[in-house]
Structures are given as structure tokens and as C-alpha cells.
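Shared between the two complexes below is subunit A, which pairs with subunit B and subunit C, respectively.
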Partner chain A sequence: MSIDFSIFIEYLPFLLVGFWLTIKIVAGALLLGLPFGLVLALGRKSNFFIPRFAATSFIEIFRNTPFIIQVFLFYYVLPFYGIRFPAEYVGTVALAAFGSAYFAEVIRGGIDAVPKGQLESAKAIGMSDWQAMQNIILPQTLPIILPPLTNQTLSLLKESAILSTITVQELTMSGIRVQGETFRPFEVFIMVAILYWALNETIATFMRWLEKRANRERGSNLHATRLKKAKRLETLT
Partner chain B sequence: MNSAGKKTDSFLTLKGIRTTFGTTVALDNVDFEVKEGEVVCLIGPSGCGKSTLLRTANWLTPPDKGSVILNGSVVGSAPSGRINRTEARKLNSFRSEMGMVFQQFNVWPHLNALENVVRAQLVVAKRSKELAEKKAVQILIDVGLEDKLFEWPDNLSGGQKQRLAIARSLAMDPVVMLLDEPTSALDPELVAEVLDVLKRLTDEGMTMIIVTHELGFAFQVADRVAFMESGKIIEDGSPNVILKNPKTDRLRLFLDKLNTTAFAPS
Partner chain C sequence: MKFDINYTFDALPRLLEGASVTLQVALLGFLFSVTLGTTIVLIRNILNWRILNGIIAIYVSFIRGTPIMIQIFLIYYVLPVTGLNLGAFTAGILAITLNSAAFVSEILRGGLASVAKGQFEAAKSLGISGFAFWGKIILPQTFIVSIPPLVNEFTQVLKATALLSIITVVELLRVSQQIYSANYHPVEVLLGTFLIYFALCFAVSRSASLLEAHWQIKRG
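Take a look at the complex of A and B:
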């Protein structure tokens, strides 16, 4: 089978439209899913039964059922209750819900990894649970959870392909349509694969940079920061 | 809350404290009182309940039974159900008045030395940033960390970390300090620098409860020494009596064991 390069040139713009929608959906799912994941993680750590039960149930249900079934439930069942939204929106929310369950577990793991004495010293000095969480625990959680958070984000991007099953015109769906017109599966899906790969590689590179930064902050003694510190010191003493 | 004149009535009172962990009895109906300005050292073999007793004082380890009273107000009373929001707020304000120092320092590694001392002043005491920083700098100078203001805790030695932890507590203007084996995790040559800071605090009249194995230090600074074993206070009295003329065989044995390694009061 020879490669028909004209397919690349002819259909790339069409695929890029789908690619752009994929980017928007994943960005939306992250924007919704990360904060909600934090809420779920805190809910799961709560001293109160109701938030703990609600968060745990949500996490366990969304982690232990196939994403495609969740998507079908969101897309086909909600209209029975009079809830109708465009497929992109339903897909984004479904992806956010699925992602948040995993994010919640990552964040919870990060919170648990902070030594117990940190919470104790915060409480002993008079901080409330929430103040301790905000000021002492969560900031220490960040460097711990960045690597697993990257993994989850990359997975989420790949899972977004499933939204093609509910008529969302994202990258995979666009690929299927081009293939239907051209009957050139190799050219089409290699293009689709490269686009997914490029986006994930970009995200991964950005996250690696973020990790390095997060680790460098603490314990850094760069000359510039030293000078700044010295200047502040003068005003204080 | 001035510490100028030592009062005779009890300042911090722990009444009928009983604490169990599973089937282990950590504290067995312990009554314990500290007067204002008094320095009390708690000694005893590990697992005797002295740390638990200290952690009961600020309700960090709530007991099954008993109550804690600070300066006439009830800090906590057990058994109690879930505490409501007002009670929680009250407890937090009591805790801010009781500085606690841990064996493992528990300084906050994501904040530099100054921020470690400033943060609770902002969040708990609601002081302005300016005031909090000014106070923090002064206290850090007092504990000898003036050239470490912007250092990260990871770059500090154990002794410096512990002095930072003490400074962090002092910034809240505590009326009593609770110290849980403050020098036990330190290299021997770093113990003195921390004890020096504590010594100065006792000279300033700070009310303190110190769980310690440093009998020499206890002898020097304590107004009272209490010996605990199996969740009970066995002997309680002046250091002269407790450390030199123990009444019970158990305490004599305990002192003998420590004396062979650490301390010989002459």
C-alpha cells in the first residue's frame, strides 16, 4: 500500500477543526474536573458522614465503570428528564466527572503523603482544619501530586476519543469521517495519532517544567533571590 | 496574663484524665496541676503516658474522660460528642495560647524561617503582615536565628529547626508552653543550643511543661518534677526530692539507669 500524501494536505484542515474541539473539551474537562477533584478529595477526608459518603460513592462509581457507559448514560438518559444540551457540552461534563474521580484519588494520596506532624503542628498553633489544609497541607501536596496528575491528564486526553460515539465532532470523529470519504485509513489515522501524540507531548513537557520549578522553589539559593532577601532583611531589622 | 508574680492557685489543670488506645490504658485517672510561672518536667520510661498527658493539655489527644481547665476556662471536657463550630473556634483560640513544641520539630518545609513564624500570626491571630513580620524578626533574633531569616527549613540543622519551632510558638504570645521531648531528636552537640533558649524562657517566667530525658536540665530549671509510669503519676515534687531522694524503688531504678549514661547530680 503506497502512501497518498495528498490526503495529508487535503484533509489536515478538516482534522484540525476536530483537533481544536478536542483541545477545548479537554481544557474544559480539566477546568471543571481538577477543582471538583479537590472537592471530592476533601470530601473523602471529611470528618462528617454525609460529604464523606457522597464523595466516596461518586469516586467509586466513576472509577469502576467504563467511561463509554458513563458517556452513554449522560447522553442518552438525561434527555428523558428533559435535560438537553449539545453533545460537546454533555461530553465535556462526562469527561470532567470521570477525570475528577481519578484526580480526587491522586490529591487524596498527596494529602496522605504529608507527614502527620505537619497537621498536628498546624492544629496545635490554633489553626482550624480548613486553615491547616490551606496553609500547611495543600501547598506541600502540590509537588507530590504533579507527576501522577500529569499521567491522569494524558489519559483524559486519550479518553476524549470516546466522545466520538455520541456524535461529538472531535478529532477521532473527524478522522472517522475523513476515512469514510477517502477509504485511506492509514493516512487518516496516522495523522490523527500524530496530533494526539503532539498534544500529549506538549502537555507532558509543560508539566515536567512545572515539576522542576516546584522542586526548585524550595531550597534554592540563587544569587538574585539572595540579593532580594538581603534587601528585605535590611528593611526589617 | 503577666508572669511577674507567681500565683499559688492552679493555672492549668488536668482533672481525672483517662485515655485509652484500644485496650492499652495510656492515662489512668491522672490529676495534674501547673501554677502560673511554674516549670514542670515530666519524666518516665517511654510509653508511660507523659507525651499523651502533654497532648491532652491542648486537646490534641482528647481523653475518654476528664477535663482540662486553663486559667478558669474549660479547654475541653470528655466524654463529649462532636464539638460544634463555636466550640471548635474556642478550642483553636485556646490552642494558640498554648505553644507546643514537638520532638520532630514539625516546622513547615514549604515556608522559609520567617514565614514559618509569620503564618499563624496572620491566619490565627489576624495580625497585620507588618506587625507579624516585625514580631517574627525580633523573636528569631532572640532564639539566635537572625542570619537564617530567609533560609528554608531543609537547610537548617536540627537544633536550628527546633529553635525555629520554638520561635513559631512564641510568636503567638502563649501563656503556657508544652514541650514534648524537645531535644530527643537532636545530635548531642546541638542539645545545648536548644536548652539555652528554654533556659532563658524559664528565666522570663514562662509557664512550661517539659517532657524530657535531660535530667540535668530538669534539675536546673524545673520547679517541680513529676515521674510517671504506666499512665500514672507516681511521684511529684521538687527536683531536689524527686531526682536526689526518690521515695519509690521504681523511680530509683529509673534514675539509676539514666544516671549511668547521662546525669549525675552531685
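Take a look at the complex of A and C:
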């Protein structure tokens, strides 16, 4: 098997058009999925049965079925009730629904990781549940959930390839079309894979850098408080 | 067109047949991937060659950084070009195995890191080495720690098998596509498929705590 390099040059612009749509779809799914994931997480932590049950079932159903079937159901069920949207919109909504179930679990984990005393002291100084959540708990979850949220975002990017099965013209679909024209599967799919891989690594590296910086700042604060404590101990002895 | 649950019931016997193929593919793929994943971990720790470690790192990064759908396409379309003509079923299992092994090796690496240092030192000071060292002392502990993420990975494999329908493996999703392309009732048929997948994955993910409890007792 010889590699035909001309395909790389000839079809790259076509693939980049699909790549751009992939990025737009993932961004759209994030924009819709993150707030909805937060709602689901709060629903799951709710004291009332109905929101808790609804949120838990939604999360479990979407986490325990293949994304491809969710996409098919969205794609076939909506027209069944007379609602017709372009495939890109259906795909974005499906990806957002799928992503929100995972985001909800990440956010819930972050809320659970905040020490209990924080909620108790917030309530002790007279905050309502909602105020405590908004001002005390959620801001503290942010550094905890950022790394797993990044992972979930990257997995959304990868799952978005499945939208090619409902004729969304994203990167994978573009690859399939080029393969149909050229009959050079290796060159085409390696090129597609490298594009996904590059974006994935770029996001992952950037988020790692961000995390390291945040940790360094928090670490230096920790260091400062430890120094203060040590000095106080010195004066005592 | 009205929703008619009877189409779901009519499809059920064939769907369950498809589900058994799905289970077979998932179990075979997962078995191979755990074997390969363990081998990768052992190569990394016993041989520890720089070039081999580099190749493994690139392989793991590639698998984790690209959609499994593309990996399936690469294996299904590219292998025949090189003269290796596998059927869809074999190619599918190969794709699942290669994909999952990367994740399994990362899980086991994490598990290995959580095995207490004293275990390594104690085993070495008793003069245990080679097979007994890894097979009887370190790996069992690694696997027990890794039960929850491994079960989670198995549900991922179970869900990934649905993608093999694209390369014409006749598993659960493919069967349901065959049914609704004949009776034009995608919603009812897909609902049945959806529920079967949910039952399978939900049962598997709930079994993690059972497995953990089982091994915890045996250890104690």
C-alpha cells in the first residue's frame, strides 16, 4: 500500500469546512448542555421527590444508553410528531441532552466535594438554601469540576462524530464523502483522526496549563498561611 | 402515523437475538482488551524500554483523542487494502479491543499506583520475583482496586458495540434497523432497542458495588 499524499492537500479545505461545523456543534451543545446539567444536578440534590426523580431518571437513562440510539430517537421521534428541524439542530440538541447528563454528575460530584461545614455555616448566618448554593457552594465547586468538565467536553467532541449517521455534514461525514470519491480510506480517515486528535490535545493542554496556574496560586496562598502558622508557633514556644 | 406499542412487542424476539450478539461482541472485546491492557501495563513496568514506552504513549493518546467511529472506519476499511481481509465481526471486535485496551491500561496504571509501596518491598524482601510477584501479589490487588472503573469501562464497551452496526455487524442496533426499514415504524422499534440497551447497561453498572463487596469479603 502506498500513501497518496496529494489527497491530503487536495481535500483538506473540504474537511476543514466539516471541522468548523463540528466545532460549532460542540460549542452549541456546551452552551445548551452546561446550564441544563446544572439544573439536573440541583434537581438530583433536591429535597423534593418529583424533581429528584425526574433528574435522576434523565441522568441514568442518558448515561446508560448508546449515544447513537439517542440520536436516532431524536431524529425519528420529532418528525413523528410533526416537528421538523434541520439535522444539525437535532444533532446539537441530542448532543446537549447527552452531555448534560454527564455534566450533571460532574457538578453533583463537585457539590458533594465541598465540605459540609460550608453549607452549615452559610445557613447559620441566615442564608437561604438558594443563597448558600449560589454564593458559597457553587463558586467553590468550580476549581474541583474544571478538569472533569474538560474531559466531558472532549468526549462530546468525540461523540459528535456519530452525528454523521443522521446526515450532519460535520468532519466525519466529510471524511466519509471524500472516501466515497477517492477510495483512499487510509489517507482520508487518518487525516480526519489527526484533526480530531489535534483539537483534543490543544484543549487538553490548555486546560492543564490553566489548572496548573490555578493550583500554583492556591498553593502559594496555602504556603503563606502555613508560614504564618509556623511563625505564630515560634512566638508561642 | 400513530404510536403503536404492538410493533415493539412484535420486534422483541428478534431484538433479543440481536442483544445476545451485542453481549457476545462486548464480552469478547472486553476480555481481549483486559488481556491487552494488562500486557501493556506489564511491558511498561517490567521492560520499561524508552522506545516501547513512547510507542505505547502515542497509541494511548491517539485512541483517547479520536472518535471510536473513526477508529472503526480505519480498521474496517484500511486492513483490506493491506491484504488482510477480516469479516465485519472480526474487524469490529478488533476495533473494540484496540480502543478499550488503551482505556483499560490507563485504569490499571491508576490501580497499580494505588497499591501500597510496602507490598512491593515486602514481596521483594521475601525473594518473590517474576510471575509470582506480578501474578500473585501485585496484579490481584491492582484489579480489585480497579473494579469500579473497569465495570464502567465495560458499559462503555457495551455502548460502543452499537457503532459496529455502521460496518454491518448484525448486532442489536443493526437488527432494529433491519426491522424498521421493513415496517416503517422506527419510533416503536428503536424504543424497544433503547430499553434493552438501558437494561443491559444499567444492570452492569449496578453490579459494580456487588463485585466490590464480593472481593472485599474474600480479601478479609
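Heads up, the rule we're going with is that the second predicted complex is superposed on the first by the 213 of 237 C-alpha atoms of A that agree within 3 Å, B and C clash if a C-alpha of one lies under 4 Å from a C-alpha of the other, contacts with A are read in each partner's own complex, and residues count from 1 in each chain.
Keep in mind that, in the parts below, a residue touches a chain if its C-beta (ideal position, glycine included) is under 8 Å from a C-beta of that chain, and two chains touch if they have at least 3 such contacts.
Computed from a predicted structure; not experimentally measured.
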Contacts for A:125 in the overlay, against subunit B (first) and subunit C (second): which applies, first, second, both or neither? first
So, A:192: does it touch subunit B (first), subunit C (second), both, or neither? second
Once the shared chain is lined up, is A:161 touching subunit B (first), subunit C (second), both, or neither of them? second
Check the residue A:136 against both partner chains and state whether it touches subunit B (first), subunit C (second), both, or neither. first
Subunit B versus subunit C, judged by how many residues of subunit A each one touches: C
Classify the contacts of A:80 with the two partner chains as first (subunit B alone), second (subunit C alone), both, or neither. second
Contacts of A:200 with subunit B and subunit C, given as first, second, both or neither: second
Report the residues of subunit A in contact with subunit B in the complex, numbered from low to high. 47, 115, 117-118, 120-128, 131, 135-136, 139-140, 218-221, 229, 232-233, 236-237
How about subunit B: which of its residues touch subunit A in the complex? 58, 60, 82, 88-89, 92-100, 102, 104, 106-110, 119-120, 123-125, 133-134, 137, 141, 146, 149-150, 152, 154-155, 165, 168-169, 172
Write out the stretch or stretches of subunit C touching subunit A in their complex. 1, 3, 61-62, 64-71, 73-74, 77-78, 81-82, 155, 159-163, 165-166, 173, 186-187, 190-191, 193-194, 197-198, 201-202, 205
Could you please specify the touching residues of subunit A with respect to subunit C in the complex? 1, 60-61, 64-70, 72-73, 76-77, 80, 154, 158-162, 164-165, 172, 175-176, 179, 185-186, 189-190, 192-193, 196-197, 200-201, 204
